[in-house]
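Which chain is which? They are A, B, C and D, in the order written, and residues in each are numbered from 1.
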Amino acid sequence: MKLAKMMKPGTLKKLSVALATTTALGVCATQAAAKQYDGVTVNVMTFTGPQIAEPLQRHAPKFQEMTGAKVNIITVPFSDLYTKLLTDFVTNTNSVDAAVFAPQWMVDYADPGYLENLSSRIAKDSALEADDISGFFRSFSTQYQGQPYMITLDGDFHMVYYRSDVLKAAGLEPPKTWDEYLAVAKAVNGQDMNGDGKADYGSCISKKRNAQAYWSIMSIAGGYLQGKGTSQGAFFDTKDMKPLVNNEAFAAALNIYKDTSKYAPADEINLDVGDTRSLFISGRCALTLDWGDIGTLAIDPKSSKVIDKVGAIALPGSKSVLNRETGKLEACTATSCPHAVGGVNRAPYAAFGGWSGGINASGDVKVKNAAYDFFSYVSQPAQSNADVTKGITGFNPYRKSQFNSIDNWVKAGMSEEAAKNYLGAIKDSLNSPNMMLDLRIPKNQNYQQVVLDTAIARFLAGEIDVNQTMQSIEEGWNELNEDLGKDDQLKLYKATLGQK
Amino acid sequence: MSIELKGVRKRYGSVEVVKGVDITVEDGQFLVLLGPSGCGKTTLLRMMAGLETVTEGKVYITDEDVTDVLPKYRDIAMVFQSYALYPHMTVAENIGYPLLLRKTEESAKQKAIVEAAEKVHLEPYLDRYPRQLSGGQRQRVALARAMVRRPRLFLMDEPLSNLDAKLRGHMRAELKHLQKKLGVTTVYVTHDQIEAMTLADKVAVIHNGVIQQLDTPRNIYNDPANLFVAGFVGSPQMNMIRGVIQNGRFSSVAADVHCQTMQDHSDAVMGVRPEDLTIITDTQSSQIGTIKARIYSLELTGDETIVTCSIEDKVEQAQIVVRMPPDYEEQIDAPVEIAITSERIFFFDDEQGSRLRDNSEQALVNDTAMSAMS
Amino acid sequence: MLAADKEVQRTRAPKRKVDFRQWLDQEAPKLLILPTVLIILGLAIYPLLLSAYLALSRFKLVRGGFELKYVGFRNFEKLISGSQQYHFVGTLGEILLWEWAIISVVISGFGYWLWRYFSGASKKKVTIIGSIGRLITVAVFSVLTILAFTVLNDTGRPGSLMVTLFYVFAGVSIQFAIALGLALLCAQNIRGKNFFRMAFFIPIMVTPVGIAYAFRMMMDMSQGPFSPVWHLLGLGDFAWAGDAWLARWVVLIGDSWQWIPFLFMVLLAAIENQPKEQIEAAQLDGASSWRVFKDITFPAIAPVAATAVLIRLIEAFKIIDLPNILTNGGPGIATESMTLHSFIAWRTQDLGGSAAVGYSLLFIAVVVCVSFFNFIGQRTAAKGA
Amino acid sequence: MQRSKQQPKSLWQRMWEPKDVQSIAPAKKVLTYIVLIAWTFVVLFPLYWLFITSFKLPIHVSDGPFYIPFIDFQPSLHAWEYIFVDLGSDTLRPYMNSVIIAFISTALAVFIGSMSAYALTRIEYKPKVGSIMGFIAILGLVVYLTVSIKMAWQLSLSIGGALFLMFIFAFNKHFKRSLNNNDILFWIISQRIMPPVVSVLPIYIMFQQSGLLDTHFALIVTYMAVNLPIAVWLMRDFFARIPVDLEESAMLDGASRMRVFLTIFMPLAKPGLAATTMLILILSWNEYLLALFLSTADAQTMPLMVAAQNATRGPQWWYMSVLIVVMIIPVLIAAAFMGRLISKGQLGGAVKG
């Protein structure tokens, strides 16, 4: 039923003619291969939905109809997905033929050779319209050491969302710097924003430990740490792999991060990203820091109370930036922040990189081909352009065509203005020359999810102060560098930034 | 201290287990409640202790109405059938527990413990735990615990029933001695009529929640009030033969007995104790009456031979038991004639179980009852 | 009669020829226990040894697979004195003078206990195993005492070790106290006894993951069922999750909710099993209900209680679902138990570190449980038998 | 001895003292009921809340709290529909898995555990310290060979087995010290102390090597192993209370040990069996960590389903509640069934130290 609704011809008609023809071609191409996959079963693992798993489950029967390949979607809890996959690969169990996971993890899977290199398949696949996929996803997020190992299904970017109605009523502009963010949060905190008579909050940021909170601190720190463009990197000094976490810039970010709690729900420290999302769409927060999901969730009439009241902007920045020689924070200049706009240095954080599909290298060729064709099918504009407008899919836009076709979004329930605003924020982030890249070196989980996350959690809980926090992160990262070989890590780190 | 029950009844739902009991136990007296299991005797005792509520009637201890008084205020000591020793306490701690509760001074307590232990010969075992003691020793601990605080009243619920026969005999003597020495009013429950006979100043025979007879052991034995008492007291049991009283003779299929003073009665039961019977040879004869029987079995107990004979009764095959000298011998199934050697014959109504008496006997009974009381 | 007996013998005689059956019967002692021994060897001892190896190595992914590098006790060093010290042991604070005084009293208490044993004052036979056991017990408990004072004062912070011990000791004592209280109330002669008994047993049937989520709902100060109460008390905007001790207590409440039923059922059964006459004897002797409980009932149920507590202790050391779901171990690392610590390390492929935490937990749990079993469980059992 | 007459009781006394031994003091009775009813609330309220949450729309949760269906909020079956219609077989499969795995592993654990418990109460074992040490050393060697030298596990295992047999025959005579039944018992129960995190990876590798990962078999065997100690421990106490005469008379009648165990001990220990079964059933029914690793799709169990409802969109309280509520049902039924077998006081007897 859902499928039928999704494939409504009306949706297709709205697409550009060019798109329509390529889609048709794509379907034909896969249909031609139908006989090839009869009797093939592909086990695809992802985390328990409905997000991500829902569109996969929905597309699977249609795909089987076209190609004969049966696709089983296996779901495990999000927090266990990484280990589950790794154990499966490492022990040669190979019960998983393909998986949809965070591209950041790819490093740990691709480096030992568990993932299939997809370059030749992508090259031959015209239906995927790889060129339509935004460059960041195509040539950074899904690649490891210059080779593509994954297919993007979802675009993810950290952005700041604000309640346009609340800010307008208060006569405030969306924040451009983190100081302004605090000021806005402070100004509107305590107002009733959803008409239930209860005081609501200025800012809601997910800060729960062992969840996805560790991205937030880097989103804040980005503007302070990285001024000279994407290739400068924000995690380590590319000279000597010195962690950039024990300096005035990081201290400033930590303080901002902690200060946002003043205008937040008291139990913010125990809110994970799901909690802050439901708070925001039930109209209880004026500002939040999140991925693209809020844009589509906010237009879901079943749960949202803030339809058409949400605005999005690329991450705020800072007017001063770190001098890596001295460790001091210095006001932006043309040399230190060449990309600053209006004196504000922004470093939009490509956190997470969007859910993408990767294929187990040790599988049967037929299975691998089928898995590839399935991911390609889901990612093709015909499918994905509709999926990204629905909150339940968890898919956020990642194709150029998706950013350009406002119609599609209006159809899904966004006002034209809101759609422009939302897509604009994503585009701004994507197109920023000072975009901040995610950490993509081996064991990045340990750097971020263990060392960084634990230290930040302890900092927020008041267990340790700013200096202790920075020291603890620096020590932890240095220890990991030593363990894994500092030079190797540096080489890989520079490679991910495009430095030689 | 005396204890008195007035019209006491106990009902559990619709079942009445004690049906209006009046008992008075005088100061220093040893009363035994005797009856088969389930007759209500334990319930009666527990009502005295306050461990059961009284449905109807009153309980007095030295003229004080204690019907609604909690057990802990009654100042009563009780010895349970299972002894109810505290397994985690040593013998000394067990004995001393009632004193501990009374916050007796430590030295006085120790003295009292030793004294109580001496009385029951337990001094060497004071540091042991109950599980390290034999049955008799445990029983004595329970006794010592009851005695140690000098209660107004001792209640004992079949305290000897878990002991072997030899020990039971020994403890019986000890108990009687102690009770007399301490002079504490005692109520004792048992189903063993030998215990009742040997220990009691007075015995209350209870059946179906009703006192059948309350009297001295001697009177209970020699002058049972009804068929139940007659049958329950005495070992071996009293022999019962069903028959008819007519014209001063009691006759049955096998028996023929003189009873001049008795009035005619068509459904009578004659009771005669085994010691009042003897097996006679053809040449002997009885003044009172004879019974024809066959030998069923012979049991030599040492000082006598218990002879069980089968007889034809009015209704069915019955057995009667005769006590004979130890040298008596006879073949099984041999026909014999049994003579009644004593005037101590009792007649009961077969249906009601009530005693059939003639007028003169009635007067005699009253006389002896009076003399026993005084 | 005798003839018939012979018949039976004769019919049985041919049975002896079935050798297999006879062999089976002869070997029954071994065969009866063999499955258990094999299963435990295969699924407990073998994994344990393999994990021991893991605890002493570093797991690393390499091209084409993984590599285990032997690193000696580095994983343990890291936990006890290295970069994970704050996480496992805790942040060490300064011990004040009066705290030293308490510590020395406690430790001299342990010393006295040892002295009594070795000097023969406790009337126990001195054996090698007994001595070693007691020395280990005293050493572990002394270290834990000092540690408790070090990390639980204002300047220090407990790590997963002390948090686990808090869950175990505070949790088990609270659960025992409540369960005992409820069991005593339920053992009374009251109406509706069976209803209460059934209702009180239900929580143990709920899956721990579910309990954790249910308590997240319960403890939601703004949308939870009790939010009007919190608002009324002026606590509407208050967050337990932000306060380390409150968060720990919330975890403890959830754990207690689940496990009180187990202790309740066991204790209730024990109380009802107790001979009534002992209580009546004490009542006649004039004991108040408190005295009856203290002197008679409690000693009588002590052996059962000790075993139930031991089972509970064993399970309590493994607490993971509640802190994991309620707080993810937060705020900071405040609610992280050792099992969760191990699990989190495991999740990020720090297999060596994870195994090291697991082994430390195993060691402490064994010392605590064995000490409890030998020095408390045995004593109550001996007295109560 | 002089004793005062009974004093008239004050109101305070009358409140705190029972009228007679069969009743409870009025004040105490009131307090008892207050406490019991309060605790009933503590116990049942979270369950009630789960139950009504399963009928709530997301909006009812985020706008909450709402307490009473139809009055506070209009209940909706959307969550039940999602779980049972939309997910359909995806719910049913883990549900059936849970039922199969929990019940079979419980039955096996109780049976095998009872067997050993019977043996430990009635037969005296004297394992030699030497052979145990030898065995552990050889097991260690096997682990070393497999992990460090990367020898095939089959090969290293057979080397170990051969060495052990040689050892047993050659050296066993020289070791005098032996252990007793209590040592064995404590060894068995100590296996329960081990946190599952420590052993899950080796177990995973074991099943992976044998190709049994993500099968019912793997989970059944593992649950059986972790619960076996409890079964042995509890059942031993039940058996210890069965008089020895019973089996001796049966053995004189010519019954084999196994027969005695099956026809005399098991039926006599029915209440104990029921109590033990109940406890183990609850433990395996609710197990999460081991299931997480040993199952992928085919053998996934319900606790995983519940945990999985915490998605990136926030915990899906309504779905979760449905799952938790339906998860209690089989255990409740089992409890009601077992409850009839567990006569008063048996569970208490079960754990007598």
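What we mean here is this: a contact is a pair of C-beta atoms (placed from the backbone, for glycine too) under 8 Å apart; a residue touches a chain by one contact, two chains touch by 3 or more.
No experiment lies behind these values; they were computed from the predicted model shown.
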Interchain contact steps from subunit B to subunit C (minimum; 1 if touching): 1
Chain labels contacting subunit A and also subunit B: C, D
Relative to subunit A, chain with the most remote C-alpha centre: B
Chain pair that, of all pairs, has the most C-beta pairs in contact: C-D
Inter-chain centre distance, subunit A versus subunit C - centres from mean C-alpha coordinates, in Å: 42
Separation of subunit B from subunit D, taking each centre as the mean of its C-alpha atoms, in whole Å: 55
CA centroid of subunit A to CA centroid of subunit D, Å: 42
Averaged-CA centre spacing for the pair subunit D and subunit C, given as whole angstrom: 15
For subunit B, residues contacting two or more additional chains: 50-51, 70-71, 73, 75
For subunit C, residues that touch 2 or more chains besides their own: 283, 346
Multi-partner residues of subunit A (each touching 2 or more other chains): 80, 272
Contact pairs between chains, per stated definition: A-C, A-D, B-C, B-D, C-D
Complex contact set, residues of subunit C against subunit B: 275, 277-278, 280-288, 291, 295-296, 299-300, 302, 383-385
Contact set on subunit D toward subunit A in their complex: 57-59, 62-63, 201, 204-205, 208, 213-214, 292-293, 296-297, 304, 307-315
Contacting residues of subunit D [partner subunit B, same complex]: 1, 3, 5-6, 17-23
Sites on subunit B touched by subunit C in the complex: 49-51, 70-78, 80-82, 84-89, 97-98, 101-102, 129, 131, 145, 149
Subunit D to subunit C touching residues, read off their complex: 21-24, 29, 32-33, 35-36, 39-40, 42-47, 49-50, 53, 61-65, 67, 112-113, 115-116, 118-120, 123, 125, 136, 139-140, 143-144, 147-148, 184, 186, 188-203, 205-206, 221-222, 224-226, 228-230, 232, 254, 256-258, 261, 279, 282, 285-286, 288-289, 302-303, 306-307, 310, 315, 317, 320, 323-324, 327-328, 331-332, 335, 339, 344-353
